[in-house]
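In what follows, subunit A forms one complex with subunit B and a second complex with subunit C.
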Partner chain A sequence: MQRTTHFRTGAILFLLPALLLFTAFFLYPVGYVVVVSLMKWDGMSSPGFVGLRNYSVLFHDEVFRISIRNNLVWACAEALIQVPLAILVALLLARKPKGWKLLRTIYFFPHVISGIAITMLWVAIYNNERGLLNGFLRLIGLSEWEHNWLGGLSSAFPSVLVYGLLYIGYFMVIILADISSVSQSYYEAASIDGATRTQQDWHITLPLIRGTIATCVTLAMVNGLRQFEQVLLLTGGGPANSSSVLVLYIYKELQNFHYGTANALGTVLIVLGGLVILTVRRLFNAAKYDM
Partner chain B sequence: MNKRTLLLTLPAILLVISMLLSACGENANSGEASEIEIKFPSIWVAKDSKAATFAQIVKAFNEQNQGKIKVVVEEIPDYGAYKDKIRTNITTGTTPDIFSFDNPADGELYYKSGNLADLTPYLDEQWKSTFLDHAFDNATYDGKVYSIPFEFGVTPVLYNSKLFKQAGITGFPKTYNELFAAFDKLKAAGIAPATQMTGGDGWVSMLWYSQLLSAIGGPDVYKHGLDDPAFVQAAEVLKKLFDYTTGDAVGLDNAGGHFLNQQTAVLLNGPWFIGRIKKEGIDHLYDSVEVAPAPVYEGGKGQPGQYIGFTQASLAVGKQKDKKKEEAIVKFLKYLTSPDNVKKISLDSGSLFVIKYEVTKDDKVERLQTGMKKGMEAAPYIIPHFRASVSPAVGAEFPQALSGLVLGKYTPEQFVEQLKQAESK
Partner chain C sequence: MKINALLEKLLSRAILTLFLIYTLFPMLWLVMASLKTNVELLGDPFRLPAPPQFGNYVNAFKSAHLALLFSNSVLISFSATALNALVASMAAYVLSRYKFKFGPVIFSTLITGILVPVSALMVPYFTLIRTLGLYDTKLALILTYTAISLPLSVFIIKGFMDSIPGELEEAALLDGCDFYQKFFRVIVPISRTGIVTAATFQFLSSWNEFLYAMLLTSSEQVRTLQMGIRYFASQFTTDFTSMFAAIVISIIPSVAMYSVFQNQIISGLTQGSVKG
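Our next item is the complex of A and B:
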């Protein structure tokens, strides 16, 4: 009995610092965001309580709808295109073809460079007049396809979205690491039974790394919800807000001294993030896999 | 202590240590500091046309006050980032010792915050007399002066007379009908007539819109808010102007690049751009650039020669606990805004200021600057630009609404509706 009390006090004492930090850097800010979302405030003079007004303003707002739609498209594109691509490449590299280490480095390399630098590179690629993309189209005789990629109502958002999906190195490395931890004995047994490499991947590797895939899907989707600098630098959310995303919208509302709506947007983002995590856990039955 | 307990307690220990250290640091600073350090985040650095002279002035001040006052400039060359920083600082109560802002609409919110120092007691008659009349109109809130107006902006037309000649046009058009005729000629000669942009804050196109508002709605156009029919009418003409620009205008955020490379013939911008024409323009570009007032609109309420003019930069001081430091900051402000120093910056960069200075025969006065000054003095009226006359949210929505207008998503009426919606949030 005495031992347990001892243990409890000890546990509480040891958890206290982490708990304090968690409260200071997570609970308090989130609570603050929610409270401010109920206020009309310009950030300078004193705030006034307006209830759910900010939310009702947002739900009637076109930019808000566009931003949510773009974020959801982004989250799904990452989960359904980027992660499967990463799995495919990881499976291929796991077979250790010649030069696989070099390939692994090449795939991972973009993640070492700052996202802003890469985005600036794409600004140059998409440029209407001097850009590589239009130049390439001219070169292969498709000059009628030339386009102001970042300035078109229907092309701006896909242009911002699509290049990010190509950078799969981060997820690939995580998946590759998990594949290498699968015991070789399964594969040996399978080859004795005459299973091909593809069958082995499908029936052994994929089920065994399911937990990691769930983690990657969660990270990818949350990443899709958090997008900011890619949009800010490429289009600033334009033209006509067609490529806007939530975080960019928050940033603009802060700049416009609309702190209430900005924090309401923040609250929506937190809720969306929570929903995404719950959904992915459900889909992958992930609780079982310790994610 | 076993490994696990150590791991668990480590964050707490680190936190305590860092707190102790920071506390010690503060003590050490305030104890030993005999020199007052003034922090000045500044945009007048790097490529800015005022950068070199501004740096010289700061250096000279620091040398004169060695051991007593030291102005430390924090270089922030990006306008947007600068604005973000200042706003965050003011909101969180960490206002810099000195900072500048460009838009009176922002300034008013800063004054309200209660985080700026009241400069009224320092503004004696002698200091005040060095400024132009009405310079302090936008600097006063609740009867107190919270900022020192500094740089003045006018944004007439800059045009490339060489390209005009190539297209067979003499002189700058006086009306919008003539302007479109001239633009047709330029287009026929294979020259993109004028720079337009919807990227970033849409600055150059915002200035065209301001000129159109003034030409159509006259000097009182901002009095009725966005309900004045001039806002819709000006949007129609602005849309037409986009037929006469470069293919990348929607999304373009680099104001002036095409003009500096002689790819466009006309640019609306201010005196601060003169330095860039000299430094970054292609060979001999400067010699072909001329200044003109914007055209009048047939049937509009505006008068010929009207100018867009506004306080382009004001200097404000963060609220200080230490009276001595406040005095030191004001001492620097007085130095920076002294007619001698202002004259130096003005002659070197081409920028205009709200501070009066004497020009002698020996001074080499900028040709384009002189042109702008003359135009300004001859103007029947001067009104501020669109963004300075509406709320920050409307100004921020402008480039988005404009790109929608240009791409046919919005009619001119819907364009104005978009702006109104931004205001209502």
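Our next item is the complex of A and C:
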């Protein structure tokens, strides 16, 4: 009897720190964001309740529209370009060509290094006068393609977005691990039936790793919604806000002491994240019933 | 048929090599650039440095107080990692081994935190840290980093603890272990793999974190290496080579950590994908 109370105290004590931190850094902040998004507040004077006015202001706001569009483009690009490339490379590595383990290690590298370090590298690559990209174009005789990549109204956002899409290591590792857990007997049976490796990939591997692909698509899309560092360092959202994204906009609104709109933006981001998760789950579940 | 197979092999090699070049070239160029003079770098960016300028590294340390920022980063990342590992494994232990009414609810609430975009929570974090009187302290970052990765760590560690057979604990009980001894002497050593996996992720994300390092601190005394690179970029735009040296210095710990715990990271990602 004494021992069970003793154990109950222990269990409560052990759970307490995690629950405290979780409440302070997740539950309370999410509630706070939603509540303050309904207020007009500069962080000092007393806040006033304004209902949905912050949201209606946002929906008539050009920067907000650009940011939402850019974030959605980013999320879709990650899902439709990055994940398929990761699947392709994972399928190729699953055939265990020479040096596949080393390749797996190297492809993962960019995900170990900080976004700041990688982005500063691309600052040097995109630099207008002395950048590596323009230098390379000159070197191979394509100097008419030289361009002010980060300064151009139409090229700034694509330049910020595109280079990260080709760092596929993170999803590749997840997918490769799942492929290697598929039972060999499926492949043996298919080989006897005369299926080529490509046919096997298409008809056996892909359907069996569908759950993992769904996970990767979710992570990729949420990732596209969270982007910030790349934009801040490469363009600061410019020129003329053409490369702005939600998180950068929240940061700017916070610095301007527009706490109400900053939190309305935060709420939009949280809701978008939730919608992505639900949609992807539904899509992939529907696909399961179809088959 | 034979030709098809050969073509397929060639194509596959070509694709793998392109990704290899894309991943490696910028990094090799970075290391190379950090060993050049500025004149060399701007004149002919693709030529090898002759002779290598290790002085860039000395400059980086001198002009950006890199030593201070580096030690801040080490202190903050290691503290957040240790604290996160302790808090997460204690919670994971209770959630994994004790069946009680609200256990499953607490666990699923905790792990939905993995999917919350924490960058949306800038304003509350900022006001919370200010209210606690922690603005511009290392503790602010340590607490924030510990908390942000908590859901993921609990998820990973609980996954490992779930696979420990119950008999081990019963044996420990018979030997007279109390709750705490059982945890520290039996469970923690056995769950080492899970805890190290979570800790590796935690270290890398704390070391590389940028947004909250920028938002919650303002003075150089408490700032991290990532901020150093940022300021290097804005203040020393003419001294590219020292900036590259600073970047190389900032990625060495992550790369070292990755090299040592590579298998942990890969198995950790695998674990995470099983449930998804």
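The definition used in the following text is that the second predicted complex is superposed on the first by the 260 of 291 C-alpha atoms of A that agree within 3 Å, B and C clash if a C-alpha of one lies under 4 Å from a C-alpha of the other, contacts with A are read in each partner's own complex, and residues count from 1 in each chain.
Keep in mind that, in the parts below, a contact is a pair of C-beta atoms (placed from the backbone, for glycine too) under 8 Å apart; a residue touches a chain by one contact, two chains touch by 3 or more.
Only a predicted model underlies this, so the values are computations on that prediction, with no experimental measurement involved.
A count of residues in subunit A touched by subunit B and by subunit C gives the higher number to C. In the overlay built on the shared chain, the residue A:I106 is in contact with subunit C alone; subunit B does not reach it.
In the superposed model, A:S155 lies in contact with neither subunit B nor subunit C.
Judged by the touch definition given at the top, the superposed model places A:N256 against subunit B, while subunit C stays out of reach.
When both complexes are overlaid on chain A, the residue A:G237 reaches subunit B alone and has no touch with subunit C. Looking at the shared chain after the overlay, A:L225 reaches subunit C, while subunit B stays out of its contact range. Using the contact criterion defined above for the overlaid structures, shared-chain residue A:P17 touches subunit B and also reaches subunit C. In the superposition on chain A, A:L121 makes contact with subunit C only, while subunit B stays out of contact range. When both complexes are overlaid on chain A, the residue A:G43 reaches subunit B and subunit C alike. In the superposed model, A:P97 makes contact with subunit C only, not with subunit B. Contacts of subunit A with subunit B, set against its contacts with subunit C after fitting on chain A, overlap at residues 14-15, 17-18, 21, 43, 254.
Residue ranges on subunit C touching subunit A, taken from their complex, read 8, 12-13, 15-16, 19-20, 22-24, 26-27, 29-30, 33, 42, 45-46, 87-88, 90-91, 93-95, 98, 100, 106, 109-110, 113, 115-128, 143-144, 146-148, 150-151, 154, 178-180, 183, 204, 207-208, 210-211, 215, 226, 229-230, 233, 240, 243-244, 247, 250-251, 254-255, 257-258, 262, 265-267, 269-270, 272-273, 276.
Against subunit B, the residues of subunit A that register as touching in their complex are 14-18, 20-21, 42-45, 57, 61, 63, 127-129, 148, 150-153, 156, 235-241, 252-258, 261. Across the complex, subunit C is touched by residues 6-7, 10-11, 14-15, 17-19, 21-22, 24-26, 28-30, 32-33, 36, 43, 88-89, 92-93, 95, 97, 103-110, 112-118, 120-125, 130, 132, 135, 139, 166-170, 173-174, 177-178, 197-198, 211-212, 214-215, 218, 222, 225-226, 228-229, 233, 247, 250-251, 254, 259, 262-263, 265-267, 269-270, 273, 277 of subunit A. Contact residues on subunit B toward subunit A in their complex (touch as defined above): 5, 8-9, 11-12, 15, 83-84, 87, 90-91, 109-110, 112-113, 198-200, 246-253, 391-393, 396, 399-401, 403-404, 406-407, 409-410, 421-422, 424-425.
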